[in-house]
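What follows are several structures.
Shared between the two complexes below is subunit A, which pairs with subunit B and subunit C, respectively.
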Partner chain A sequence: MENFIGLISFLVLMIAGYLFGSYAERKHYKSILQREEQYRNVVLMALRLPRVSHVEHTQLVSGSVVISVDYFKRFLASLRMLVGGRLNSYESLLDRARREAILRMQKQASDMNASSVYNIKFETSSISKGQKDRVGSIEVLAYGTAIVGK
Partner chain B sequence: MLISNLELVPGKKILKHLGLVQGSTVRAKHVGRDIMAGLKNVFGGELKGYTELLEDSRTEAIERMQKQAEAIGGNAIINVRFSTSSVAQGASEIFVYGTAVVVE
Partner chain C sequence: MTDDQEPMPSQNPVIPEGINAVRENPFKELLLLTTGIAVALVIVSLVLWQSLSWGAKFIPLSWEMRISDSIAQQFEDTSEQSMMLQARLDHILQAMEYDGKVPLQVHYVDDDLVNAFATIGGHIFVFRGLMDILQTDIGLDMVLAHEAAHILNRDPIQSLAGAVGVQLVVALITGNGDFGQMNGIIDMGNQLMFLTYSREQERVADAMALDALASLYDDLTGADELFVWFAQDDNDAPEFLSSHPLPDARIEAIRNRLSQ
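Our next item is the complex of A and B:
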């Protein structure tokens, strides 16, 4: 009987994770693509030194996000870990987190009328190592120097 | 105070280097947020509570660094870097450092 209850709750979590997780991911990607178009006027550069002739002022801008993978994908990943190979479910998680962090940084830069952001750096850390050292949720921070000028 | 992660200040001359300044803070999440995070671990998505928490602690770390730079007479901090490490389960340290300088 106890096994049966365990199985039921596992299935419910799997289905809920799959439904809500894939819905959230689709919605997130849609909003990412839309905002990437919106902030295209802020040029992002990984260069260390700015190539701008006229600089009015500079300021540090940053964007960060903490994002979690759903139950279904975590289960898929744990199966994949038995045989090794690409973990698709975590790849999309990290991709979403990075792009979201960049967008938040871009928004900050755009709000202060900056034309470009230089010397962009990333920081990635896992927040809840939690049970069995699994990557539950990750934090991505993107930062750089916004330059107002031509 | 001017804070930037470039190695120079574009359009301005650096008059004096004052050396490394740093600021750090260790924060833990509270139980309410933890329960929400547990739910989000099932459904997936952004953990807004944690994002805010880390944002706040980053601001505080920068403030501490700024105070240090002011104390030694700097008016700008350049080449700023961030670093995050988890100290214990549920607690993380935010560390920020840079070089204090005097610019025109």
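Our next item is the complex of A and C:
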């Protein structure tokens, strides 16, 4: 009986994780693509020193995202960890997080009429570090120097 | 800013999708991984089960007793039935030419269950329910000889070792194994009662039992008494049948032997 309840709750969590997770992912990618188009003119540069003249002022801009993995993805990853290979289920999650962090940074830059952001860096940190049986969540932080021209 | 540098881009490039994250149906991956891992798991379990069962026969019977003694103590009794059964068993063991280095003990269990089983450490348990059914001496001796044959063939420890191996694999994979349990086999009391044997092990034990009975009785008629009862009354059988399958086939084997 105990095993049966365990199996049912596992299936419910898997199905819920898959349905909500894939719905959220589709919706998020749609939004990401649309906003990337919107902020395409806020130029992102990894260079440390700006190559623009007439700089009015510069300012630190940042975008931060905290994401959590769903049950389905976590189970898939735990199976994958037995045999090795690409963790596809986590890759899409982190891809979304990085792009979302950049978009939030771009929005901040755009709000102050900046034309570009230089010296972009990423930070990633795990929030549920090393805790067994906890759903993993991580933060992705993107930051850079916004250049506001005249 | 110097003139030889390329001009500053006016907008961000469109980066193609599907490089950092592959967009494919995760169900495909789930299916592939689960089947692959399940197959590997079954193979590892089988290998471990087979090799442990094979290797277990090299464990001396006296070592088995150390594991089982604490359980057997609970059943220690000096009732009339136990003494009677023990006397019969000793008689049968003589017929089997057992060297007697490790004593085999039989315990009477006051319970309705129609069952008798042999477990590790040379212990045989006979339930009241079974004794009530068996009317003849030879019927009871057949059961005792059959269980004694299991012990002499080292079937209980082989069955247990195989089961422990499979449990180990399952515990390793699911990650919630209680490895303390591996030390305290005592926790597996249930398992010691319901060790299962292969058909081959049952066949060999039947044959050994009949050999022993042949030297004790002039006529083997009635040795199949218990199996006949099970074949008639299969409502009551499941628990016993789970460890002693196919009564019909075994009656036939015994009858063949009788007709020789």
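In this text, the second predicted complex is superposed on the first by the 144 of 150 C-alpha atoms of A that agree within 3 Å, B and C clash if a C-alpha of one lies under 4 Å from a C-alpha of the other, contacts with A are read in each partner's own complex, and residues count from 1 in each chain.
We adopt the following convention: a contact is a pair of C-beta atoms (placed from the backbone, for glycine too) under 8 Å apart; a residue touches a chain by one contact, two chains touch by 3 or more.
Since the structure is predicted, the reported quantities are computational estimates derived from the model, not experimental observations.
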Combined model on subunit A: subunit C and subunit B, fit or clash: fit
First, second, both or neither for A:Val52, with subunit B first and subunit C second: both
Contacts of A:Gly136 with subunit B and subunit C, given as first, second, both or neither: first
Broader residue contact with subunit A after superposition on the shared chain, subunit B or subunit C: B
First, second, both or neither for A:Glu91, with subunit B first and subunit C second: second
First, second, both or neither for A:Ser116, with subunit B first and subunit C second: second
Partner chain(s) touched by A:Val148 [first = subunit B, second = subunit C, both, neither]: neither
Minimum C-alpha separation between subunit B and subunit C after superposing on chain A, in Å: 11
Footprint overlap on subunit A, where subunit B in one structure and subunit C in the other make contact: 52, 73
Contact set on subunit C toward subunit A in their complex: 1, 5, 8-12, 20-24, 26-27, 29-30, 33-34, 36-37, 173
Residues of subunit A defined as touching subunit B within the complex: 13, 16-17, 20-21, 24-25, 28, 48-50, 52, 54-55, 57-60, 62, 64-71, 73-74, 100, 118-119, 121, 123, 125-130, 136-137, 139, 141, 143-145, 147, 149
Touching residues on subunit B, where the partner in the complex is subunit A: 2-11, 37, 40-47, 50-51, 54-55, 58, 80-86, 89-90, 92
Footprint of subunit C on subunit A - complex, ascending: 18, 22, 36, 39-44, 51-53, 72-73, 75-76, 79-80, 82-83, 86, 88-89, 91-92, 94-96, 116
